[in-house]
Every structure is written in structure tokens, then in C-alpha cells.
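Next, two complexes with chain A in common: one pairs it with chain B, the other with chain C.
Coming up: the complex of A and B.
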């Protein structure tokens, strides 16, 4: 507990002109805090705060100045509790100066800050030695690349591959298409060189013909069991994991309409690689050279063989293989049937170089079919191609794009996680190891486990190589942060973590279910056990717990509740001004409010805003607390839930939505209108609309009249 | 509030730092990921703020979510991490040395505002001069002393020396309560040591004025796709209203012209990779903002690789958004003077089309920022202006090739990994 509170009242940026700081100082002194004032605490006077903290006269600094999003480095005092009271952006920049309601708001916010700081403690890391060893599962291009990069960055690597050699599909290619060095023509596959480089490194242990049968534990110290084909089992400790299990071809049955499996001269692009590596492209039916080869991209929406997530790989492979046909037999002709050729970026040059070859015909068209003529000849029929409105083209060989299906294990999940939430990694609707973030493509719901390569997204070899390397850096990061007890993305560096008052735990298990990251396991008494390095410190467990036994040293239901109680509710007999509590997601809604303030947009002075780590961390009891205290309404500002969710903790706003059902029931029991509590979806860019959205809610609440529980 | 512990980090202290040139999404991602793995990083950014091009986008495809959202998280990571330092209004003048031991010389332009600035805005209230708003592609104006945008970091004002009368005026100096304005500030040179360098200098929009058949520069209602992002944004020049630049009327129909400069050897030989998706996204902006409006997209190939295909399907489920496989030959002005006329030819049938619209959006491509010339001491850019890599010098993001944001971040982290490998190898000797 911060027993020695210091309040730092800043008069800068208009605060001093808009507010009666003397009155605020009295509030602070009344709460037993020392008070200092400055015209700008962010400048030289920051030293005053530092001196108080370092001299031990203050262990809880309540800085009533600008937003907590500003001057974070200036006001960083790790030894003390630091509570920022946002008088600048959210009071004086957004409310009329000198008004009584503006002053009340400032007074309440200061009292809230004091109440919170008095109950908080500066977080102390739970740090333990971390194993500087990266487990890489899968030794195709992505896996080999990850292993190489981690090893070159000084970590030990354990590489597990189910096949008997390194390289995966990359090692089965005749040539690969070039991305950077040369856009014309195809190049030798880079995998051989990389595999050789890996073999030369001392800190890499390779387990071939092996699989991972179990992973338990957490980042910094995963316990891994690896089984070899001969049945022997080994154990290893890994600090972090790269999942690079690659892809498998789409099943043959999906290509039935093209005759794959029934017509011998219809093959997949994988089989063509095999032929090319052996030096000749022939018709499997009779072994004669294939002079006319048709590539069918299978990219029509109605096509069973069409994978809607195939990326540009199929287009690029067809272009490359058309070159094989020409390279291995200069008299041969290649036809490519496609809808839209996906050759983004500088692959355009590769496309052009293939297009320039007179022996390659690019046929854009619709409804491509493969038929057998009465004389037994194989025919590709297409409509609307440059060769004519309706063509039937006799060919020797038809090559179909092998669809890349993410390989996350069929019978057994690839990683076999011993997690209460399941053995597999969470997957997207397309079956890829999930990350729904554009800005953070490696962030998933399993801390310290990073997917790379075709298991994350359909990608070509150059991209898989980069992806493996990037995932390796994420793995190194997970290990280093575990060693210091700091949180991973998005609360990078946070040292706080949830504690559990287990004497009161009812073993309901809700926290373990709602944690988006599977950080909580149950012990034999059905009590939650925290794996701190899996935890992202969002507080969703704290919001979920029906008996409120989960808290952080600097963030808890008790602190939030104390902040609610610190607000003075006007109870004048006639028409008291309303008071509305707002919980705002600190990642999006709260910055949006700050930006509205920066633009000097004004909003209702009835609002008392509390930033929360995630809307999902708001416990239902807080809403009940607020209405029992006499707040007329409660607004919860959070991110978009659902398929295209924007919540940085994945499910926070969704879970809150579910809890709202119960909250409304509670309101009903208290004989209050459910409209008094509302969830508002706010994006960070809604700063221009936010004041009006809030005004509308205030209006709705005002129409309901004052909370009848006021004063009880 | 996060605090940082040095525990367990002692072993990493010996490694030389990494310099990241460019503070857009690629540079910021590369820097943060290396720093959070325990390495010291310095970002060098030419703008007065970090965040680069993504800060100017209204929404990302395919989620149609605001770029500020991820930027806010990245900026918080950056503010809380003492391992990341940065210079704004800075460019690299030259590089010398070897992997493990580079010297990177920076040229810092005067900001005329020092670190004492609190962003209180007292200066803009008194500033009598205006400048074209660079953040909004010169649509609209700011005062000569300005904060670049709502999420600008560092949250410090800057003075545009080209518009400011400096010591001849100096009203802002008198108005500033914090002694934050220094009109005598001079350009400075700073030299950094680096073990490895990541070049993430990003891209500029292709100069549409070179596309004279498409009317850019001559016809007011022909705009570029980057300008469209600003028109749709709440902090853009119109407050988010999509209106015609010529008369401020609400846009009821727009044509999107794909490959405006891209896939054309007279302009950019390559495909810029993002423009098809950007136009799909912008068609949605238009139809959301102006519910009766129509959007027509003219394209050669619709490049929506991978899961983006779902996005395209979702966009086309709106019947007011259509796409025509056809090449636009010319854009002119209707005789009556009101609307633009798009003349195009359908690729499959060679049928000629004329379409009258309120607004034309040119899907202009990406030009690497290094296309104007490379950096002394670094490998020269290739014939397209994209970065060539050297020993200990790695390219990331659109400096290397046209990429969407997710691929840029992937590429940036991969480049950061190479930089980490390099500084580790240097320490081994």
C-alpha cells in the first residue's frame, strides 16, 4: 500500500487558468497527501517528484497534469506507485474554464487518483531464469530459417522434423522463382545451402523422424517431450517455440472434376516438380515426352479445388513450371489458364519474362474443363480466352495447382499442448495458426509460440524464409522477457501480474475459461494456477471472477471500486446534475478521448472516466457498485468485437458483452432501467464523434431521471 | 504503467547498437522488436513525427480498422522502452565502416522547437503565417508552427521554415510559456555508432502529374488514392466528408483507375501490390459515407491474393460497387462542364465505354523513397530505386519492394533478426 502520498498539481497548459488549484490542494491535503505545485512538472520540476520518491517521503505519486499517455518517460518512477490524473486533455481542454462542473470533475478525478494510489503497490517482477533454447517444429524453409537465425543470435536450437531429412517441400523443388536477385527465370532452390549451414552450427540439435508428443509449461521454460519413430522419447526444455509445420496438398478428391486420380495424364504441380527434377516432363500414361502442357490454376470461386486463401503462390508456380516445360524441351508449348494472375509487387517482372516467351500462352478465361475426346486425347476446354470465345485445346499433360492446406496435424495437433484450453493452437476461419492483427502478424493467443511459414499464411519460399527469421526474433524476445518477468506484447514491459486470494476461490473455473491466452491451469483442488509468462496482464480474469479474488498490485476491483466511491454524487433535493461513470479501454477509447481534448472538443461534465486495461477486465460488481452509489448511468467504451475484432486482448470486449446480460438482470432486481448501462463501440479514430456519442448517452440517462438509489 | 528491469540483461550490454533509418511502420516495428529482445536501437526519421505513411491512412484493408489503433500500441511500447531512442527531422548523410562498427552521420534539420514544448498550443493562437498541410497532401493549411497530426509523437510542435518569418515575427516566442521556441536553431550533424543498419525508408506516392492522359494536376476532381485516404479521415481537410475538390459537392459517383503508373514501363514497371485492395477499401469508404453513391473500378488484373479474396467478395456484395476489366485511355471533362468522363476499353471484348462520374481516384503506385538517390556509403538502390542490401545493412518494408502493411511488418521483423544476428557475430569477433 502506498502510505505516503504526494500530489503534484500542475498549472501548465491552461490547467492553472481553468481550475481553482487551491481547492484541489485542499482535497489532497484532506486525504493526508503532501502537495506540490508547479507551472510545468514535465520540465525541471520533475526533479521535485524524483527527489520525494528517492528521498522516501513519497511512495505514491499522484500527478495531476497531462494524460498518462504523455510524458511517460518523464514520470517513470519504478520504485513508487505513479497515478496520473488527466486534468489537461480530459478536463480543461474539453470543458469550459472556471465552470463549477469543470471544477467538480477535476476534484473527483483527483479524489479517484488518490483512492487508487492509496491501495496500489508498485509491481515487482516475478522473474525466473529462462532457458535460452528455441524449439522449432518443422524443418521446411520456415523452420530451417528460424533455426538458423536463432542459432546465429546465440541461442540453442532444438529442431524437430517428422521426415528423415531437412528441407520439407522446398527440398523437393527443381527450381524456385526468384524475388530479388533476378526477376527473369527461375533459380536453384536456396534450401540446400541453408540446411548445410544449419548442420555446421554447434548449438543446433536436430531430431529427424520425430514428433512433439507434449508441451507443458510456459515461455522461458516449456517442457517438451519428443518421440522418435523408433519409439524412444526425449525431454527438452525450451524457452520459446516456432511452429513451422508447413502445408499439405489439398486432397485429390477435390480435383475430381479435372480428372485427377482417374485420368493418368492429369497431375498436380507437386508431381510436375518431381518430373522436372528427374529431367524430363512426360505423360505418365505412356512415358512419352509431353509437348503440350496445360496449367490450370483452379481459381474460380465455384471450384472445389479453389482455396480462397491460396495467395499468389499458385500463379507464380504455374509461371515457373511453364518455364520448366520450355527449358527441358524447347519445342514444347505451355498454356496457363487463369482468372486473375496474382503476381504482386516486383513479381510482375517475372510474369513479364515468362509472358515474353513465345512458347508460353497465357489464357485468361472462365469455366475451364478437362475432357477426354473419343480418340482418347486429353482436351482443355475454356471460354472467353484470347484464343477464342470457346476453345478446345488438345494437350499431353494437364497440371493442376496443388492447394496449400495449413498442416496443423490431422489426428494429433502439431504441438500437443498440455493446456486446459486445448492441445492445438487457436486457428483462424481458414485453418491457419491464428493471428488477426494487421500490425502484429505474429501475435496470437499462445504466448511464446510463434507460427511461421505456410502454417501461418499461404506464402512462397522467399516469404517463408523471412517469416522463419521473424518468428525466431519473436521467440528470442519471449525468452528474454520471461527472464526479467516482463509482459509480452501489447503491454510490453509490464511487471504486474494477477494474484489469487485462493481461500475464497469457489473453483468455478471461469477465469481459466475466459483468459484469451490460456494462462491459467487448474490444480488438483480445482484452483487456478497462473503461468505468469503466458499471461499478458489484460485483467480479463479479474473481470471474470464472480467472487472478485483476482487482483494486480496496481490494478484491482478494490481500487476501481474505491475510485467509484471517491466521486462525490450531488444530491441536491431538486434536479441534481447527473453523474455517469465511464470505463474506457485505455488502448483505443481513452486515446480517442485525449485526441478529442487535443482538438478542444467539449463533452458532458457529468462523466467520470476511468481507463481500464481492457473492457474485459471490468467486473460486473463495479457496475452494481456505481449504481448503488448513485451514479445515474454507466457507459463502457470498448473495441469492436466479432469476426474482425479489434480488441488487443482478442476477446475482452466480446466477453464484456456476455457479462452485460447478467448486469442487466442485476439492474432489473434493483428496479433500475437497463438503459442506464450501455456498451459503446469506439474506435481510436472516432475522436470526432465521441463527444456526441457520449452526449446522446447522457441524454438517454437524463430522460430516465435521477437514479432513485441516490442518497441511500 | 510499465517499468523496466535491467535484471538478466547484463550479458546483452556488450553488443553494439542497431540504427534503423526510417520511422514508419517498418522502422518502428523493426526497432521495437529488436529492443524488446534486448538490443539498443536508434530510429532516424525525416518527418517531425514517427509513424510514417500509415498515420495518413484512414483504415487498413481487409479489417477496415484504423491504423491509429496499432500505432498507439507501438508508440506506447516505444515510450516505455529506454532501449529505443529516436531522432526526428533527421536524415542519414553518410555511412562508413563495417558490420559491427559502422559510423552513421545524421543531418538534423532545425525544428525551431525544443523538447520543452508541452503542446499547449499557445503558439498557434498567435502565429500569423500559414503553410500547406503536408500531412494532408497540401489539401488545407496549418499555421507555420504546427503539430503534424492528432497522434503525433513526439507530441512537440515544429516550425516550417519555408512559411515562417522566424526572427522577423517571433510572436510565438513571446507567447510560449515554456521557453520552447528557438528561432536561432541551426542544422546539426550527429554521428552514431552502429553494429548493423536497417533501412526502412519507405515510399512516396507516384507523381500523378506525369499521367497527363488521366488528368491529374489539370482536372480538380481527379485525385490520387493517398488523397482519398485524407478525404475520408476525420482529421483530414474535409473532416471526413467525401466531396469534390472543385465545388465541395458530395461525391455521388467515383471511378477508380487501377495501375495508374504501375505495370507500365513508361512509369513504374512493377505492380505496386496494394492499389487494388486500396481501391476496394476506398469504394467502401465512399458507399458508407454517401449511401447512394456508386463506385466503378477499372482494372487489368484484380490483385487480391490470399485471404484478401474474401475481402473482395465482401466489397462486391454491395451492388453499388462494380469492377470492369478494362484499361482507362483518357479522362476528360464533360462539355457541359460538370462531370468527369472516363473513357475505357474492356479487355475481353475491346468494347469502348464512356462513364460520367463526380470524382476519379487514380490508384497511383509506390515509389521507393530512395529512388531520388541513395545514401552515401550504402549500396546504391537498384534500377527501380529499391534498396539493395549490403553486409550488415538490411532493407525492410517498402524500401525493398511494394508491400502491404502486414507483409511490411513481417519483413521488418525479419530484417531486425538479421541485424541482431550481425551484432552478435560482431561481438564474437
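Coming up: the complex of A and C.
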């Protein structure tokens, strides 16, 4: 508990001109805090705060100045609780100067800051030595690249591969498409040299024909059991894990309409790769050289074999293999039938280089079928092409694009996690290891486990190679963070973690289920046990707990509740100005409000905004608190949930949605209108629309009239 | 009914070799058809030709009217995002097409490459020398006032040339009919003789007004430079210059054989004035074309052998014609008669070989325009409107439609 509070009232950036700071100082002094004032605490006067903290006169610094999102380093005092009161962006820049409502908003925010700081404590890290060893599962291009990258950075690497050799699919390729300028033509795959380089490194242990049978623990100290094909088992400790199990081809049955499996001269691109590696492209039916080879991309929308996430790989492989046809037999002709040929970025040059060969002919078709004519000839029939509405082309060989399905283990999950939430890493609707695609592409929903390569997204070799390197860097970072007890992103460096007041735990297990990262396990008494390095410090458990026993040292239901109570609710006899509480997600909504302020967009002075780590950390009881206290409405500003979620903690806003149902019921019991509480979805780029959205909510609430609970 | 496609890589290579080296870059965006001032929604080109050539669909390309409906404004090449040069491809296709339909085929091959030039010029030289030998005129040039008929009598020239040109016309007609027949078998379908006859007036109007060339420069989609902006006026000069000379020659023949009004006719004679004026206009048009071809070669696309062959032979024919007249008037006997000989050789080359040179476009382009006019006359009013034409006007405007 911060008993010695110091308030630092900054008058810079227009705050002094817009507000009566003397009055705010009185508020602070009334609460028992010391007060200092400056025209710029962010400059040399920051030393005043430092002196107070280091001198021991202040252990809770309430800095009433700019947004907590700026000047973080200036106002970093690890020994003390630091509470930032956002007078600049969210009061004076976004409200009329000198107005009574603006002043009372500033007063409330200061009181909220004081209430919070008084109950907070500076977090103390739970640090523990971390194992500097990276486990890489899968030794295809991504895995080999990750292993090389981690090993060359000085970490020990344990590489586990199911097959009897390194290289995965990369080692089974005849050529790969051009990766270096001019990006034309096909090159030897780079996997052999990488595998050789890996074998030469002393700090790499390779387990071939092996698989991971169990992983327990947390980042910094995962306990891993590896079983070889001969039944022997080994144990290893890993600080972090790279999941690079790659892909497997889409099952043959999906290509039935093309005759794969029944017509011998219809093959997949994998089979063609095999033929090319052996030097000749022939018709499997009679072994004769294939003079006319048709490639079918299988990307029609009604096509069973169409994978919506296929992206550019199928296009690039077809182009590359068309080159094989021409390289291995100059008299042969290659035809490519596509719905959508995708060659992004520099691959445009590769596409152009293939296209320049007159013996490679490309044709878009709305629908492509493979038929057998009465005379036995194999025919590709395409509809809706530039060559004609319906055309048929006799060919010797048909090559179908092998769809890339993420390989996470069909019967047995690839990682065998001993986690309460399950053995596998959570996957997206396409079966890829799930991550926040925009912000944290390599993250899986299991902290310290990073997905790389085709198990993360359908990709080509160059991308898999980059992916491996990037995932290795994330793995190293996870190990470093584990050693110091710091959180991984998005709350990078946060030392706080949830504590559980277990005497009051009802063993309902909700926290263990709602944690998006599987950080909590249950002990024999069905009480939650935290694996601190798995925890991302989002507070979703705190929002979930029905008996509110989960708190951080600097973030708790009690602190939020105190902030709510700190707001002065006007109770004028007739027509009091409304007060609306806003919980704003610190990842998107709160920065969006700051940006709106920065642009001097104004919003209603009835709002009292509390930043929260995630909307999922808002416990229902807080909403009840707010309406009981007399707030006329509560808005929850957060990220979009659902399939295209933007939540930085994946499920926070979605979980809030389910809790909202309960909250509305509570409102009903209190004889209040459910419309008084609303969730508003905001993306960080919505700052320009935000004031109008808030205004609309204020209007809705005002139409309902004042909260009848005011004054009780 | 699905159409069987038979890609012919050799055909594709042949077109690539006819100065259309970038055609493989086409990715079928259709910008070319969208910017073409002559193509219409009912018959868009040159996009489909680009697709067909890339797939080596020889018969389909060559039995297609569009390649001759194109008047080479080069807007497509100016706007092609891939630099595939559709205009060059269309020119190459016409070039190839002339040889494809040539009858007899060896004549097509002979006119298609410079190595046969000596033989081709040798033929009329030998023919004329044999005639001179037969007439006993090889001993020396005729004395006295210069009258070309004294050197090579008009009657012999008329007989030999009429026979040769008659053969050429027959060959050209045969080729034109083969092309027309090929179009009838192909995509746009068959039109009856009555429909073709009905389209004759519209086609002739389009030809005499050179409207397609005019549309090429007038209906431009944007401001990009095509280096073909001179084409309408220059071709107008060639067309009417050449027509003037045809009228002149015919009038002289009629004057001589019907009214016994022997050469040379005085300079003030209207026919003579028409001839000289037409020759001058023709040379002016040729000069513009030659100059632009040389000056803009890099930007407007290269010129092929067949392009230069026709330009050169036409220019030399016109120039030697003027040279004959000038040296005759100047009394330069030693120069005038040999010049006349050369002029006759060139005229032979121009007229007798015409079905196999670029000159044959008068046949193929007319056939394509006639066929397309007949097809377009079938268009319902709505489609005609879509094509940007008043319904009643559809038939008339067809070469464009």
C-alpha cells in the first residue's frame, strides 16, 4: 500500500491555461497528499519527483500531466507506485477550457488516480533462472532455420524430427523458385547446406525418427520427453519451443473430380517433384515422356481441393514446375490453368521469367475439369476462358496442386502438452497454430511456444526460412524474459502477476478455463496454480473470478472499485449532469482516445475513463458498483471479438460479451434499463469516429433519464 | 460444345519472330481491348488475339476478322501495363496471314524474305528484255522526240501487264475468298451472300472515307502518345494518291484506245494534272510514313521487312514515274528510256506481286470489313446501342463495330 502519496500537477501543454490547478491542488491536499507543481515535469522537474521517491517522502507518485502512453521512461520510478492522471490528451485537449464540467472531470480523474495509487504496490518480479535451450520440433526448412539461428546465437538447441533425415519437404524438391535477384528461373534448394551447417554445430542435439511425447512446465523451464522410434526415451529441459512441424498434402479424396487415384496420368505436384528429381517427366501409365503437361491449380471456389488460405504457394509451384517441364524436355509444352494466379511482391519477376518462355502457356478458367475421351486421351476441359467459353485440351499428364494442410499431428498432437486446457496448441479455423496475426504472428496461444513455417501459414521456402529465424528470436526473447520474470508482449516487461486469495476460492475453475494462454493449472484441491511465465498479465482471470479473489499488486477489483467510488456524482435536485463510466482497453481504445485528443476532437465531459488491461479483466461486479454508485451508464470500449478478433489477448472481448449477459440480468434486478451498459467496438484507427460513438451512447443514456439510484 | 484446342508452338514462335517479341508478357487484363478505339463489346480485340497467339491457336487467329479490322493506331501498346505490344502482335499476325492465304503458297514465301528479291525483280526484267529483244529494240535507244511507246510499245505493255495483273487479281480473289470462307467457319458464324451484298455499300463508304483510320486518331482514350497520330492523314494521301493514279492510267488507256489520243499528253490536260497531283500526294504520304517509321522505330514498334518493302516499292514506282516525265521533258534521252524501263519493272513488282505483299491488305481488310459489316447488321438495336451506335447506323459503321 502506497501510504505516502505525492501529486505532481503539471501546467504544461495547455493544462495550466484550461484548468484551475489551485483547486486540484486543494483536492489532493485534502486527500493527504503532498503537491508539487511545474510547467513541465517531463523536463528537468522530473528530478523533483525522483528526489521525493528516492528520499522516501513519496512511495506513490500521482502524476497529473500527459497520457500514460507518453514519457514512460521519464516517469519510470520502479521503487514507487506510479499513477498517471491523463489531464492533457483526455481532458484539456478534448474539452472546452475553463468550463465547469472540464474542471470537475479533472478533479474526478485526480481523485481516481489518488484512490488507485493508495491501494497499489510496486510489483516485485518473480524471477527464476531460465534454461538457455531451445527445443525445435520439426526439421524442415523452418525448423532447420530456427535451429541454426538459435544455435548461432549461442543457445543450446534440441531438434526433434519424425523422419530419418533433416530437410522435410525442402529436401524432396528438385528446384526452388528464384530467391535472389533477378528472381528468375529455378535454383537448387538451400536446405542441404543449411542441414550440413547445423550438423557441424556442437551446441545442437538432433533426434531423428523421434517425437515429443510430453511437454510440461512453463517458459524458461519446459520439461520435455522425447521418444525415439526404437522406444528409447530421453528427457530434456527447454527454455522455449519452436513448433515447425510443417504441412502435409491435402488428402487424395478431395481431388476425386480430377481423377486423382483413378487415372494414372493425373498426379499431384509432389509426385511431379519426385519425377523431376529423377530426371524425366513421364506418363505413369506407359512410362513415355510427357510432351504436354497441364497444371491445374484447383482454386475454383466450389472445388473440394480449394484451400481458402492457399495464397501464392500453389501459383508459384505451378510456375516452377512448368519450368521443369521445359528444362527437362525442350520439346515439351506446359499449360497452367488457374483461377487466380498469385505472385506477390518480387515473385512478379519470377512469374515474368516463366511467362517469357513461349512453351509455357497460361490460361485462366472459371472451372476446370479433367476428362478421358473415348479414344482414351486425357483432356483438360476449361470453362470461361479467354481462349473460348468452353475449351478442351488433350494432354499427356495432369498435375494437380497439392494443398498444404498444417501438420499438427493427426492422431497425437505434435507437442503433447501437459496443460489443463489440452495437449495441442489452439488452432484457427483453418487448423493453423493460432496467433494474433497482425501484431504477434509467431506467438501461439501457449507462451514460449512459437510457430514457424507452414504450420503457421501456407508459405514457400523463403518465407519458411525467414519464419524460422524470426521464431528463434522470439524463443530467445521468451527465455530472457523468463529469467527476469518479465511478461511477454503485449505487456512486455510487466513484472506484475496475479495473486490468488485461496482461502476464499470456491474451486469453480473458471479462471483456469478462461485464461487464453492456459497459464493456470489446478492442484489436487482444485485450486488454481499459476505458471507465471506462461501468464501474459492480461487480468482475464481477475475479470472472470466470481468471488474476486484474483488481484495484481498494481491492478485489482478493489482498486478499480475505489476509482469508481472516487468520482463525485452530481446530485443537483433537478436535471443533474450525467456521469458515465468508461472502461477503455489500454491496447486499442485508450490510445484511440489519446489520438482523438491529440487532434483536438472533443467528446462529452460526462465520461470518466478508466484504462483496463483488457476488457476481459473487467469483473461484472464493477459494473454493478458503478450503477449503484449513481453512474447513469457504463460503456466498455474494446476490440472486435470473433473470427477476425483484434483482442491482444485473443479472447478478452469475447469473454466480456458472455459476461455482459449476466450484467444485463443484474441491471434488470436493480430495475435499471439494460441499455445503460454497452460494449463499443473500437479499432485503434477509429479515433476519428470515437467522439461521435461516445456522444451517441451519452444521448441514449440521457434519453433514459438520470439513474434513479443516485444519492442512495 | 467444347472447342478442341491444338496449341502450335511453331506458330507462336513465328509470330514472336515477326517483331512481336513481348507477346508472352500478356496477362490478359483486357486493357488493350478497352482502349482500342475500334473494338466493341460485341467483338473485342486485341485481347483475344493475344490469348490465342500465346496458346499458338493458329487457325483460330487466322480465320478471325479482327486482325484486319485493326488499323494499327497502337493505343493498345501505349496502354499495355505489361509492355506486351498488342499492336505489334496484330501487325505480325497480318504479315503472317498474308503468307498463310497466299496462292500459290511459294509466292507468299518468296515475298516474305529479302533473299528472294533478286529473283523477284529479275522476272520482270527478263520479261521486258525478251520483249525488247523480240522487237529488236535492244540495239539502241529510239532517236528523236522522246516517246516511250517508241521504246516499248504501249500495246505490248498493256497485253503483258494485263495478263499478269489479271493473274494476280485472280490469285488475290482466291486468297480473299479463302479468308472469307475461313471467317465464315469460325467463331462469329456464317453470313449469307445476300447479307454480304447488303453490307457492300457500308463497307465502301467506310473505305472511301477511311473512317477507321480517322476513328483511330479521333476516338483516343487518353493522352498517351502512340507515335501513330499521322496515320489517318498519311494513309488518306496514299489512298487517294493511288486512286488518282489508277484513274489517270485508266483514262490514258481509254483515251488511247477509244479516242486514239496518243501519248504524250500535254501537261495542262486535266488527266495529266490529276496524275501529277496524285503522284505528288502519294509521295507526300509515303514520305510521312517512312519518316515516322524511321524516327519512332523504338517507341512505335519496329517495322518489318514487309512494311519497308511495300513503302519502298511504292515510293520508287512513284519517283521513277516522275523521273520519266522529267527526263522526257528535259530531253534526256539516255536517262529517260532506262528510267522508263525501271519504272515498268517496279510497276510489275507492285501490281503483279500485290497479293503477296502488304499491298494485299486491300483484299483482306476489305473482306474483313465486309464480313463484319454483315455480322453487325444482324445486331439488335440494344446491342448496337451498347456498341455506341444508333441502330440504323449499325450496319454503316460496321468496320468499326
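The rule is short, and it goes like this: the second predicted complex is superposed on the first by the 698 of 712 C-alpha atoms of A that agree within 3 Å, B and C clash if a C-alpha of one lies under 4 Å from a C-alpha of the other, contacts with A are read in each partner's own complex, and residues count from 1 in each chain.
FYI, contacts are C-beta pairs under 8 Å (C-beta built on N, C-alpha and C of every residue); 3 or more make two chains touch, one makes a residue touch a chain.
These figures come from a predicted structure and were not determined experimentally.
When the two complexes are overlaid on their common chain A, residue A:358 makes contact with chain C while staying clear of chain B.
More residues of chain A are in touch with B than with the other of chain B and chain C.
Using the contact criterion defined above for the overlaid structures, shared-chain residue A:499 touches neither chain B nor chain C, since it reaches no partner. Once the two complexes are overlaid on the shared chain, A:685 sits against chain B while remaining clear of chain C. Of the two partner chains placed by superposition, A:424 touches none, neither chain B nor chain C. When the shared chain is aligned, chain C comes close enough to touch A:333, but chain B does not. Of the two partner chains placed around the shared chain by superposition, chain B is the only one that A:69 touches, whereas chain C remains out of contact. When both complexes are overlaid on chain A, the residue A:97 reaches neither chain B nor chain C. Judged by the document's definition of touching, chain A residues 341, 352 lie at the interface with chain B and also at the interface with chain C. Contacts from chain C toward chain A in the complex involve residues 1-5, 7, 9, 12-13, 16, 24-25, 27-28, 47-48, 51-52, 54-57, 187. Listing the residues of chain A that touch chain B in their complex gives 12-14, 39-40, 42-43, 66, 68-70, 72-73, 76, 78, 82, 84, 122-123, 125, 127, 129-130, 149, 152-154, 179-180, 301, 308-312, 340-349, 352, 384, 430, 436-442, 457-458, 463, 466-467, 469-470, 472-474, 476-477, 480-481, 483-487, 489-495, 554, 587-588, 591, 595, 598-599, 639-640, 644, 646, 648, 683-689. Listing the residues of chain A that touch chain C in their complex gives 333, 335, 341, 352, 355-359, 361-364, 381, 385-388, 390-394.
Chain B meets chain A in the complex at residues 1-5, 7-9, 12, 25, 29, 32-34, 36-38, 58-60, 63-74, 76-77, 79-82, 116, 118-120, 150-151, 155, 177-178, 233-235, 239-240, 263, 269-273, 301-307, 309-310, 313, 348, 384, 386, 400-403, 405-407, 409-411, 413-414, 416-418, 420-421, 424-425.
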